[in-house]
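So the structure is just underneath, and the comments pick up after that.
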Amino acid sequence: MSNLFHQKSLNLLSEQLTEKGIDTSELISKIAQFQIAVPSWALGAGGTRFGRFSIGGEPRNLEEKLEDIGLLAQLTKRTDAVSLHIPWDIPQDTEAVKQKAASLGIGFDAMNSNTFQDYGQPLSYKMGSLSNADAAVRKQAVEHNLQVIEIGKSLGSKGLTVWLADGSNFPGQAHFRKALQWTTDSLKEIYSGMPSDWKLLLEYKPYEPNFYHTVIPDWGTSGLICRQLGDRAKVLVDLGHHLPNTNIEQIVATLMHQDLLAGFHFNDSKYGDDDLSTGSIKPYQLFLIFCELIGGAEEGAQAWDSISWMIDASHNTKDPLEDLIQALEAISQAYAKALLVDREKLNQCQNEGDVVAAQEVLQEAFLTDVRPLVREARIQSGGEGGPLAFYRKEKIREKLIAKRGRSSQASGL
Amino acid sequence: MSNLFHQKSLNLLSEQLTEKGIDTSELISKIAQFQIAVPSWALGAGGTRFGRFSIGGEPRNLEEKLEDIGLLAQLTKRTDAVSLHIPWDIPQDTEAVKQKAASLGIGFDAMNSNTFQDYGQPLSYKMGSLSNADAAVRKQAVEHNLQVIEIGKSLGSKGLTVWLADGSNFPGQAHFRKALQWTTDSLKEIYSGMPSDWKLLLEYKPYEPNFYHTVIPDWGTSGLICRQLGDRAKVLVDLGHHLPNTNIEQIVATLMHQDLLAGFHFNDSKYGDDDLSTGSIKPYQLFLIFCELIGGAEEGAQAWDSISWMIDASHNTKDPLEDLIQALEAISQAYAKALLVDREKLNQCQNEGDVVAAQEVLQEAFLTDVRPLVREARIQSGGEGGPLAFYRKEKIREKLIAKRGRSSQASGL
Amino acid sequence: MSNLFHQKSLNLLSEQLTEKGIDTSELISKIAQFQIAVPSWALGAGGTRFGRFSIGGEPRNLEEKLEDIGLLAQLTKRTDAVSLHIPWDIPQDTEAVKQKAASLGIGFDAMNSNTFQDYGQPLSYKMGSLSNADAAVRKQAVEHNLQVIEIGKSLGSKGLTVWLADGSNFPGQAHFRKALQWTTDSLKEIYSGMPSDWKLLLEYKPYEPNFYHTVIPDWGTSGLICRQLGDRAKVLVDLGHHLPNTNIEQIVATLMHQDLLAGFHFNDSKYGDDDLSTGSIKPYQLFLIFCELIGGAEEGAQAWDSISWMIDASHNTKDPLEDLIQALEAISQAYAKALLVDREKLNQCQNEGDVVAAQEVLQEAFLTDVRPLVREARIQSGGEGGPLAFYRKEKIREKLIAKRGRSSQASGL
Amino acid sequence: MSNLFHQKSLNLLSEQLTEKGIDTSELISKIAQFQIAVPSWALGAGGTRFGRFSIGGEPRNLEEKLEDIGLLAQLTKRTDAVSLHIPWDIPQDTEAVKQKAASLGIGFDAMNSNTFQDYGQPLSYKMGSLSNADAAVRKQAVEHNLQVIEIGKSLGSKGLTVWLADGSNFPGQAHFRKALQWTTDSLKEIYSGMPSDWKLLLEYKPYEPNFYHTVIPDWGTSGLICRQLGDRAKVLVDLGHHLPNTNIEQIVATLMHQDLLAGFHFNDSKYGDDDLSTGSIKPYQLFLIFCELIGGAEEGAQAWDSISWMIDASHNTKDPLEDLIQALEAISQAYAKALLVDREKLNQCQNEGDVVAAQEVLQEAFLTDVRPLVREARIQSGGEGGPLAFYRKEKIREKLIAKRGRSSQASGL
């Protein structure tokens, strides 16, 4: 989009919004302030159990991961933090890493532990970690999480995200109730090892890598555990972690209703945990989720600032940086559209049972082309008007390949 | 099966079980004691939104419904109670109904309220009942439930089952959090109107008849509400009320872990709430559910006697009485097989991570032909060895048609 | 939207499109020409197996149904034909009906037969119709379809739509291969009874009202049968007739690739055959479907004019006329957005494996606010700028209730 | 099970079957003759995208894979062939491999090509292989398949199995119709390179490793391509390659109806392509599939001998050899139970619309404990009565670890 059309479109939209009593500059300011963390493992090519195709120029260490996120931040102004994964991202020199991050304007979002793989630790996680029938394995897994907390503390992180792959592949393999109890007990130990200004973000997922049962399959189980841990334990929603046809926006509302929403792992999917680019498959669902988020915060269910935002996708076919630029844009659009919803009118429709008009209110917001607002927010923040075009024009991937090599592989997955 | 083969099979099975240390007569006694309630609406032909095909000879009133269940009880000895639905089953003469039921050996299981249809009440439930944005509608729905409790008290029932169809068909139609709160508040009023020896059984269902959202879509939401009501409010599991691929046996375990399982609505399904005959589609799942039930009770998670058992199917193509005979048999078989599981060995396999052997333990029980045990339990209780064959030989449906007419239609759905 | 903003928005959009080499007036003309048929049964309130809530003022006979569609045509200019259902819409006076329709500018789209219900015919369809094991039932069902063709001929229709509910509820009930063969044979008789300028539109549906198997569950089976009938038999796609997560746009492409796409039944759904308003749940999917349709037609796979368009939704909570206005708008928007896709650039991206840019091409079109184009097309055709607002301002439903009564019920479902 | 009880159970079952007119020895003979191939990649531990847990003692080369299958054959007498995967199993010395296989009584089932990974070939398959927009990549992929045919010819194989991972992750990435046409054209070249006594087995799969679309997602597309190739191209059914709730047994019947069923990849699943042990999750579905197979063959739809049988599971938590023993047992049981179905009576029920009795016929067979028959078939063939017990008693895995090492990893996935 040329600058000329950007300005014209923005002006016309602004004119229309003003007529509706919406302050465009306030809107742009909100969009500009909304920041989404990026995980360290999202900077390399992902893969499936059937293989992986390299992208080239992938970051070879933590420092290069920070550089990639710094670049994203500079171009998009939509991200200001990285989420590290231990053991993949154990810093060699903590101070150097902190300084590098600070120089790039990047903070440290929630830390991620890993008890779903064997990477040289004494006891195997093949039969589970926090839920393992063997107390020694549970102890090892707890200690790993405590170590992750320590690393996070040293970097200035304020949260621990636990995704538990524990579960079973066959009926009879696991004792459902014991596994749940052991997991709860293990998490209690981890929770009590967290500083008082940290929060624990507990994921749920119905299947994969276990295909009969997972210990924390749904928000109900995650919430049940969090309630036993304490107020700073909340439920993390990964958009891909649901059974077919799940109404995710309702889960978001139900969690906010209980002040129990930890935050998001954004991605998109058609089948399961496909980890596709956010907004690429079901953009209307993403918009409806943001409608619930804004409504829940405005109506006092749960504070907006208490929610964590992160992208978690697997870049199997796209350049990860381009994919992240697209995802940040899609999230910003969904947020901007949800901000346009006339909530007063919507409430009135709901009270009157005017289903047709309620749909019109949502459609009015969703159908609006908000790209001028998102672009303006980015420009005003000092980012690029068209970050993807800039990335390509500057041949950034080519430069990264020249520097890091064609066959470099990001550490981790 | 001839009596000769029944005896031979029973003897051989008994011999094998004895060698494993299992007391066959105790087993038979447990099977004989297990009783499953039948709802009053299951005695007529069901239908879909596309139509309904009559079966003929359907009960025309409450008394005839009791007679049908009395017949079922006599033939199968697996059912001893009816679950009534108000307003479909409002007794004209309570004492007469009680006497009729008593004479047939039939008790009154949990009562069912209906706030999902308009049947002449002043305010419409089109936009919901307990969750309606209009306080007057909520009040009416609460009062209906209180009236159902009164009727139940007069008959000797000890429970109220609430299936709430409330929800929305379109994004924007309902306010998720308000709907949930209003529902909780309404249920609090109903709960406080229940006698102290009653329990409230709260269903969940992800969709249908609303197709965008339902107010109580999953066990987590049902449990959340129950926790706010009190100890006598628990979650009812209808086997058809789940999203595709849900691990239902795990939900059963999770609910028992919290002493939160109210009971079951048994049926089977391939797609959604298909309401097919229990055990006709996924018999192994039914077995696994009973494994959890027995394990949870034996290990002290929740008392067996605190759980309610009911069939809830829709007989669209079969004679309802034949369908119920098949369902009662399938449930008894699943229960009997689950009783055969060597739980000690299973626990050992789980502790040792011996997945292959754990599967063998379950398969050993499931593959056993337990029909001699179920048949013997029925015979010892005074029922028919082959109730379905008896029903056909005696031409019972033909007699019912002769008596009640070919186009009689069961009251209700 | 005020007229002022409509004009401003249209001008700016037109300016932008012109710069991209797109002729706005041609675009508007295409949108204006696109007409979608409405079925006669969509004019009354729908329902589920759990009940039905009346809307009031529903058309009481075929003439009133025509009047409702005439009104829709007048307001929206997006529909010009009705699709009748026999026996619900058997005309009493064919000539009068034709004249009424002609006076309203309404033609007769494909006829719909009904062999899924018992409505007084000699033999029951409980165990199936075209696939029934009893040859006499199959004969009756074939003859019903032939009668529908006769009625259609008298009205000027040019097609027969067959939705076959046949199937089974339980394993063992039906003989899969025989049922398929009998259905094929029955359809051959029907096909040979069609005039040479008619087409047969054959639906598929995986489940409901049968819940174990349906005789024509997927496009593959429908296509297999059509191939045995002849060139004028093609596969009809109802958007709600798919298993969870099905990629419907790919099915559309695959059918066009074989010149085998009969047309559409538009609606939307979250779970199954929910029959919600088109575009209310998955607008991006609808857009992607139109991308395939336009691409397939432009690239010569199948001619655009050979495809039939119809809405088929169930209006359980909305005023049917308002619902149809929303659906016609949503379909027009999806079509307009798909027309904006830069297909040349998309093809180039596909050839070069530029996945990121391919997504941008689609997003560029989808994110554009095309409402000014759709509105302008409507206005230029003589319709209302805002048909929904007009409908409400004119209190049309209230007038219909006054005329037809509050408890009128549309004939049929 | 002790030998004593085996004999007693077999005698009683035989007595019962004789009374029904079933010849037990013929039954045992059929079970004994039924052989299922094992793929070379199933002998090592599988994994997910999140990691892999070694089992130890995995075969390090083709010879050791043959040895493992030879062991399976010796213990179970249910498998007599291996299915190789190229490039993972390119024989170094073809004659030596053939001799080794012959000495173990193992033949060579269908060959498997691999165009879903990059393993050093000049052009990448990242954007597809047989469907790639680049003709050079398509040519490379065709030539790979032709090379696989050559290797297969040298070993005595008679078939080529093509599982095509081609597809796309994002809307817009692929051109559906072109991808389908290119795939068809590529397969024509491969088909014409096959010897005249070979068959081509073409798989379908709805998703994974591509998560938006796959080129051959369903049986309809696979069948469409096969029809264009020739009579020796048929559709392969992998039990895990379906959308949720698919009626697989119906697909089997529909394919046999067209003489279009190539064969099976046996496994089981709860969510997607979980690749769990056959029979571990849905044993009743497996039984129903065998009912269709036997019915289709007996009634002349497609010859039994024209169908290929193979296990294709991923052994993530079990010892692969133990897993395969369990799978072979489960398949044998399902087959044996299906052989017990009283098909004449079932047909009668179907003709009379006696749904209840039809279910009883299937249940009568499914509920029968056929383990004595399967065990006897194994013993009579010279296998072990209890192969799993034998395997453990003889500490075979321990011996393999001692010989091959704890960290050996099977070549391939």
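For clarity, chains are labelled A, B, C and D in written order, and residue numbers in each chain start from 1.
Note that in this section a residue touches a chain if its C-beta (ideal position, glycine included) is under 8 Å from a C-beta of that chain, and two chains touch if they have at least 3 such contacts.
The chain lineup, named per UniProt: A, B, C, D = L-rhamnose catabolism isomerase.
Just so it is clear, the model here is predicted, and its values are computed rather than measured.
Engineer: According to the touch definition, list the chains common to the neighbour sets of chain B and chain C.
Structural biologist: Touching chain B and chain C alike, sorted by label: A, D.
Engineer: Per the definition at the top, count C-beta pairs in contact and tell me whether B-D or A-D has more.
Structural biologist: A-D
Engineer: What whole-number Å value describes the gap between the mean CA coordinates of chain A and chain D?
Structural biologist: The mean C-alpha positions of chain A and chain D differ by 39 Å.
Engineer: Could you pull out the residues of chain D that touch at least 2 other chains?
Structural biologist: 126-127, 168-171, 173, 206-207, 212, 244-245, 247, 270-271, 277, 280-281, 284, 317-318, 355, 359 - these are the residues of chain D that touch more than one other chain.
Engineer: So in the complex, the part of chain C that touches chain B is made up of which residues?
Structural biologist: Contacts found on chain C: 46-51, 53, 116-118, 124-127, 165, 168-171, 173, 206-209, 211-212, 244, 269-272, 274-277, 280-281, 314, 316-318, 413.
Engineer: Mind pulling up the chain A residues that touch chain C in the complex?
Structural biologist: Touching chain C: residues 5, 8-9, 12, 15-16, 19, 244-245, 247, 270-271, 277, 280-284, 317-319, 322-323, 326, 333, 355-356, 359-360, 366-369, 371, 388 of chain A.
Engineer: So in the complex, the part of chain B that touches chain A is made up of which residues?
Structural biologist: Residue positions touching the partner: 126-127, 133-134, 168-178, 180-181, 206-207, 212-213, 217-221, 223-224, 243-247, 249-250, 253-254, 256-258, 284, 288, 292, 295-296, 299, 301, 346-347, 349-353, 355, 358-359, 361-362.
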